[in-house]
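Both complexes shown next keep chain A, but they swap its partner, so chain B is in the first and chain C is in the second.
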Partner chain A sequence: MADILRVEGLSFRYPDSPKSAVSDFELSIPEGEIVVLAGPSGCGKSTLLRAVNGLIPHMYGGEYSGDVLVAGSSVKSSNMRDLAQTVGFLFQNPENQIFMFSVERDVAFGLENLGVPREEMRARVDEALRLLRIGDLAQRAPHELSDGQKQRVALAGVLAMRPKLVILDEPTSLLDPKTASELVALVAKLRGELGTTFVVVEHRLDLLVEVADRLVVMDGGRKVLEGTPMDVLFDNEAEAHGVAIPAVAKVQRLLAEREAGKAAAAKLLTPSALALAVEGRLT
Partner chain B sequence: MMWLSGGFIFRRGDSFYHRLDPRAKLLNSVLMFTTTLLARSIFEMVLVILFMVGLSAAATVLKRVARTMAFTALFSGFIFVVNVLFTRDLETSVLYAIRFIAIVVSTSIFFITTSPDELEQVMKMFRLPRDVVFAFVTAVRFIPVMMLDTIQIMDAQKSRGLELEKGNLIRRVRNMIPILIPLVVNSVMRSGELAEAMEARAYGAVPRPTSLLVYRATRADVGVVCAAVALFAIAAYSFYFVVPVRFP
Partner chain C sequence: MIEFRDVSFVHQNGVRALDGVSLRVDAGEFVALVGENGAGKTTLVKHVTGLLKPASGSVLVDGVDTRAASTAQLSRKVGVAFQNPDHQLFSETVEEEMSFALRNFGFPPEVVRERVSWGLELFGLGEYRRSSPLILSGGEKKRLTLACILAWDPQVVMLDEPTVGQDAIQKEKLAGTILMLKSAGKTVVVVSHDIEFLWPIQPRVVVMKGGRVVGDGPATAIMQDRDLLASARVAQPQLVEFYQELHRRPGTPFVHPLDAARWAEEAMLP
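And then the complex of A and B:
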């Protein structure tokens, strides 16, 4: 399948900043994948995402080299209007991306801005509300929503624009564990139903390895590891780059190392499966 | 402040009046407002006030309106006393005092029954620039957020030993600085994030954005506006053509 996103040797330095926030970055993502981007804070993840949806270079000045191609066209030479329709961006704090006084108006915000006719807008808003199962919140004001609900509303507003690529910047950082895993399940469901490509910046890898096709680790503005989630989690270097390896993966890896000759598992085991495996080793 | 929030801040309601077209609500309030200015007799003034009280009752906001009236009556009393002293005309003084109450109530009814969404629609109707309307919308949207921020910052600073209620006036004002600085920093960061999110959702992509909401005048709209026009006509007629209508 064609690549929805290609990052080609991208480097970017913010004005007045001594060093590049992103350096010589290469990345290709085929349509329909879920890719997780991990790395210590300040390593340039958000900067990379800004370069994907065009905020860099259209809103931020700075030193830019290399190229980013979304659905085949260069971000540099596209305008924000077209980019907004191809790339959806869910920012870290849902509070600061809800503008309107009622949920349904906010979900419609992007479509209003694009001048979508009312009947079509109504249909797309209702569809987004239904996809995220927040139809019952349609008339609520933002301050009457929980953080998890705000996150869904913000995501509905993004999806109503029908982007091919959706970027989520630390979407679970404000959510409790249950709501966080619901969000991850939702991402998997949307990919299945709509074929949307997702790039997710996330620290809680245990939540995402299940659904992700690929894990990319960044450090100091550079890409340091890339592969299937299990390959990366089993890589010796991963922990050194600040990746929080889920405990289950650590144990799984130890087991695999002791059973010499056995290839590393392709999947993260469930706790009960892991318990069985450990039991098997003991007896 | 209490007076302001009680008398002028929208709270969600589900009455026939709340559901009126915002344009009808605006027109109705403007008509009531001008009628009170034209009314030259206590009789006419009482008519307008009865009309407004009736509407408030139908809009299930009578309690709030009554409280606003009671509060405004304090100022009215003052207006009355000053007028009596200067004009020595009891009826005119009473008229002015009631007029003041009526003016406040006519505007109050509009604001407490019109949601920010509807206010936005009204602003658009007046062809205000998109940016101005949007600035208003976000300002209203973030009032509760900023209030929560303030409370959290105050709690945080108090738990670090800041004593807000101590000392003389200068000291108290200085004590506000540890509250204001984080609040300003917060808001600046927030507006940066808002700007990014606006770009990502195609703000300003087309010169004439569409709107999800649609308002169509219904029979209720026409009915309310007709009643207001009738009152207005009576007041205007008597203002221009006849001696003020007095109590029969």
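And then the complex of A and C:
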């Protein structure tokens, strides 16, 4: 399948900053994948994302080399208007991107700005509300909603633009665990139904490991680890790069070490499945 | 140190955010508030700082009714790092941001200087001393708000979702900071969805749902109460679930659930 995102030898240094925020970065993401981007704070994740949605170099000055291609077009020679229709961005705090008087108007905001014809706007807004199961909230004021609902409204606004690539910046961090796992299930569902590619920045991996195809770890502006989530979680280096290894993964790794010779674990076990596996090996 | 006496609060839109909350937190206690989005946790925190006053009932902080105290008086006693650090950062530089409250509280210039350096060092923000707070990452902003609060040494420290945007290494440091505050006799209240962060540091856990307190007890007891947590949309720590599953097996020796992983490691065949 074609790559929706290619980062080719990207380096970027902010003005007045002594060191590059991103250095010699390479990444290819095929269409339809769910990729998790992790790494310690200040590792360059946000800079990389800005280079994908075009804020870099269009809004930030600095020293830029290499290239970023989204759906085959170079970001630095694309305009922001075109990019906004290909790349959707969900900020960490939904309050930073919802501001209209009704949910419906909020979801339509991006489309209105693009001058999408009325009937088509109607259809796309309805579709986004339906996908996120918030049709019943259409006339409500966004500030009256719960955090989980706000998050879904913001995501509906992003999806109404029908982006091929959606970037989620710590989407579960403000959600209670139950609402967080519902959001992750929703991401998997949208990928299935629309073929949307997702890049998710996340420190909490326990939820996303289930649905992600790939985990990329950055540190010091560089890519330091890349592989299936299980490969990365079982890599001894991961923790040193600030990756939070889920508690069960540590026990599961011990179990895997004792089962040397068997194929590496394909997926993360649930706590109860892990308990069963451990029970079978107790003295 | 903090006492809620049958407190209710209704937002302007008619939502009842607190519904008859009674809660007492003694000096030196470390308490975690957990519960689903909209359960009333942040509203409760705002009552301690006096930003909100109860519609009925009363809130006492260090024996003083919050209705009788100014926000300035209360903030000397209670430092809060809110969920969204953008709501409380406003200075031109990181250094200025940290000095602001200290100067307002009347600390002499040399003390201000010392404490600013101490805070920036402790939270790994030294290199940003002369930068604008606005260029910091989300996680760094959260650390800066925490540094600002600790600098004026309040008796009560309240942290609303402190682990958001923090990587594993920073979370470990944050856990260390909380334990340090606790051993220094501070009262610490943490609001968090991050159960995996809370479990190893073993707070007293207060569970909220629909504006009410529905559970209250030591972490070991509350985190093993699967039904209570599920009703409040809170996940069980993975290792507690793992431990409970193993202990269904007859003859398994008793270990503290905190030690479940180590115990399993030692008991497994090589």
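Going forward, the second predicted complex is superposed on the first by the 282 of 283 C-alpha atoms of A that agree within 3 Å, B and C clash if a C-alpha of one lies under 4 Å from a C-alpha of the other, contacts with A are read in each partner's own complex, and residues count from 1 in each chain.
The definition used in the following text is that a contact is a pair of C-beta atoms (placed from the backbone, for glycine too) under 8 Å apart; a residue touches a chain by one contact, two chains touch by 3 or more.
What you see is a predicted model, and the numbers here were worked out from it, not measured in a lab.
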Fit or clash between chain C and chain B when superposed on chain A: clash
Partner chain(s) touched by A:Ala247 [first = chain B, second = chain C, both, neither]: second
Touched partner set for A:Glu259, first chain B, second chain C, both or neither: neither
First, second, both or neither for A:Ser272, with chain B first and chain C second: second
Touched partner set for A:Gln85, first chain B, second chain C, both or neither: first
Touching partner for A:Asn113 - first (chain B), second (chain C), both, neither: first
Contacts of A:Glu26 with chain B and chain C, given as first, second, both or neither: neither
Which of chain B and chain C A:Ser146 touches, first, second, both or neither: second
Touching partner for A:Met161 - first (chain B), second (chain C), both, neither: first
Touching partner for A:Val125 - first (chain B), second (chain C), both, neither: first
Chain A residues contacted in one complex by chain B, in the other by chain C: 93, 95
List of chain C residues in touch with chain A within their complex: 13, 15, 35-38, 83-84, 137-140, 161, 164-171, 193-196, 233-239, 241-243, 245-246, 249, 261, 264-265, 267-270
Parts of chain B lying in touch with chain A, wherever the complex brings them together: 12, 115-117, 120, 134, 137-138, 140-141, 144-145, 148, 190, 193-206, 208-214
Chain C contact footprint on chain A (complex, rising order): 38-43, 46, 92-93, 95, 144, 146-148, 170, 173-180, 203-204, 206, 239, 242-248, 250-251, 254-255, 258, 271-272, 274-276, 278-279, 281-283
Residues of chain A touching chain B in the complex: 50, 53-55, 58-59, 80-81, 84-85, 87-89, 91, 93, 95-102, 104-105, 108-118, 121-122, 125, 141-143, 157-158, 161
